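Could you have a look at this structure, given as structure tokens, before my questions?
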Amino acid sequence: MNISLLYCFDLFGTAIFAISGVLLAGRLKMDPFGVIVLASVTAIGGGSIRDMMLGATPVFWIVDNNYLWVIFLTCLATLLLVKQPKQLPWYILPVCDAIGLAVFVGIGVEKTMRLQDSMMIAVIMGVLTGCGGGIIRDILAREIPMVLRSEIYAIACIAGGIVHTTSLYFGISSQSSFLLGVVTTLSIRLAAIRWHLSLPTLHLKG
Amino acid sequence: MNISLLYCFDLFGTAIFAISGVLLAGRLKMDPFGVIVLASVTAIGGGSIRDMMLGATPVFWIVDNNYLWVIFLTCLATLLLVKQPKQLPWYILPVCDAIGLAVFVGIGVEKTMRLQDSMMIAVIMGVLTGCGGGIIRDILAREIPMVLRSEIYAIACIAGGIVHTTSLYFGISSQSSFLLGVVTTLSIRLAAIRWHLSLPTLHLKG
Amino acid sequence: MNISLLYCFDLFGTAIFAISGVLLAGRLKMDPFGVIVLASVTAIGGGSIRDMMLGATPVFWIVDNNYLWVIFLTCLATLLLVKQPKQLPWYILPVCDAIGLAVFVGIGVEKTMRLQDSMMIAVIMGVLTGCGGGIIRDILAREIPMVLRSEIYAIACIAGGIVHTTSLYFGISSQSSFLLGVVTTLSIRLAAIRWHLSLPTLHLKG
């Protein structure tokens, strides 16, 4: 895949996830630096865990500071634009989260395939890159992580990762595979948000 | 120690911890993919942190995918077996947790002793391998981590780790040392569950 | 900077953060081994994340066991001294936290500057070293992490880190830079605690 295009997607996903962090921080009435902290962990948390597990250290944002500038400028812009307290539509946060999720699953698969051969590991690392930051964001904010709530979430990432790796396996260009994966994750997740889709849940007492 | 026997124990502990994740996921009414996520972090979370801290990256389950298959098949089997909502006895989850804990403390000690000389580090890494996954599971599920509740938990791991390393130090075979450690951790922990044993607690206000 | 002086500060910060862990554990009525666990994650959590992200593994306390002894002896001393339940003044925990924070931000900046050139990364790693342990402590104890509450916290660390790196940049000795940074972090944070200072907060609904 064209490196610079992948890079653009990566910075775009970073910005989107940073916005989702800012929105949650605003809901929790944090100060500007708390906002930056929450935006940062959301945007680079998943990729950091991926890099540490793969042993690809120092992690990506230490090697390339542009990720940090993107987060910082995104926070600044978001803070300036939404200065006044106002009622945002409920779906803004989950939709931002879904876009960041879809892009980051693709980024995680792509980066892992360069280091490892296993398709299964690539899918898992994609899921981890996509979900990791949001999980840390939700833990810090003491919300139940989105990934564990009943709406279709993990399955969207897994489906996107499988489509991505399978496309690569059948010789489709890495760029098209990436886009196929992203579109898969995003459409499943958006559909789940829109129609409140969920899988049947396991239900145990005790 | 016979590598393949250690390996069997490791996969066994993985399966048991995966079950404990599934049970908690069921109590929280998660969907099948949320179940897999919670089972996975419980089963491989502790070992992943250990490997990252030791610098033994990529972490173990990236190198050897069997761990992931064990988790996947365990989830599948558990989901099929406990399909219907029903009241499980209260002690099933803590007992599964105790067995996984005892085995993983031993695995952690054994793996660390191959990389490091320090007995203290080996004990700590044993405790971390045993407790880490359960801590992440409980954080995600927004429960107070078992390790921090008043029943004897951390001390069982520490005792098991000390018995294990001390046995090695006195020249007992690594297999017997492993088993001695596992039995120590398990019996202390099961006794604590059975009779609600606890140490006197520190009690500060303010 | 004189290595042995930095080392003393590092062990001092470790002890102070361990005390903050013990105090919180006491408030939550934990047993002695739960106390050790909470003290340990508070004291070495932030530095461990820093080292894993930088790829400086095995992490510092595996290489040098003195940190663990400091934690152990601090727990022992604190447990012996505050044996009886009694009302501690409310400010003891935040003040201990502030001192540990200030020292660890400096340690994080100093250690990172030896491995990396970027001042921005050094500041971030300082913030991470300072805040990381406390965040894990608060997550385990199910409190909202101090860093995300409205009182000035992250900004104190960032200011300290910037003063530290800027002083280095202008050729001030590393020892003086370290102290300038520590004093900056500490005074901002103590002032915030004393007068309940806070920045205006972002406030979103939805």
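When the chains are written out, they are named A, B and C in that same order, and each has its own residue count from 1.
Here is the rule we go by: a residue touches a chain if its C-beta (ideal position, glycine included) is under 8 Å from a C-beta of that chain, and two chains touch if they have at least 3 such contacts.
Here the structure is a predicted model, which is why all the values come from computation and not from measurement.
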Touch-network distance, subunit B to subunit C, counted in steps: 1
Copies subunit A and subunit B touch via same or different residues, half shared test: different
Chain centre separation in whole Å, for subunit B relative to subunit A (CA means): 29
Residues within subunit B bordering two or more other chains: 52, 55, 57, 139, 142
Footprint of subunit C on subunit A - complex, ascending: 22-23, 25-38, 48, 52, 55, 57-59, 62, 65, 68, 79, 82, 85-90, 92-93, 139-142
Residues of subunit B touching subunit C in the complex: 52-55, 57, 116, 118, 120-121, 124, 131, 135, 139, 142, 144-145, 147-150, 152-155, 158, 198-206
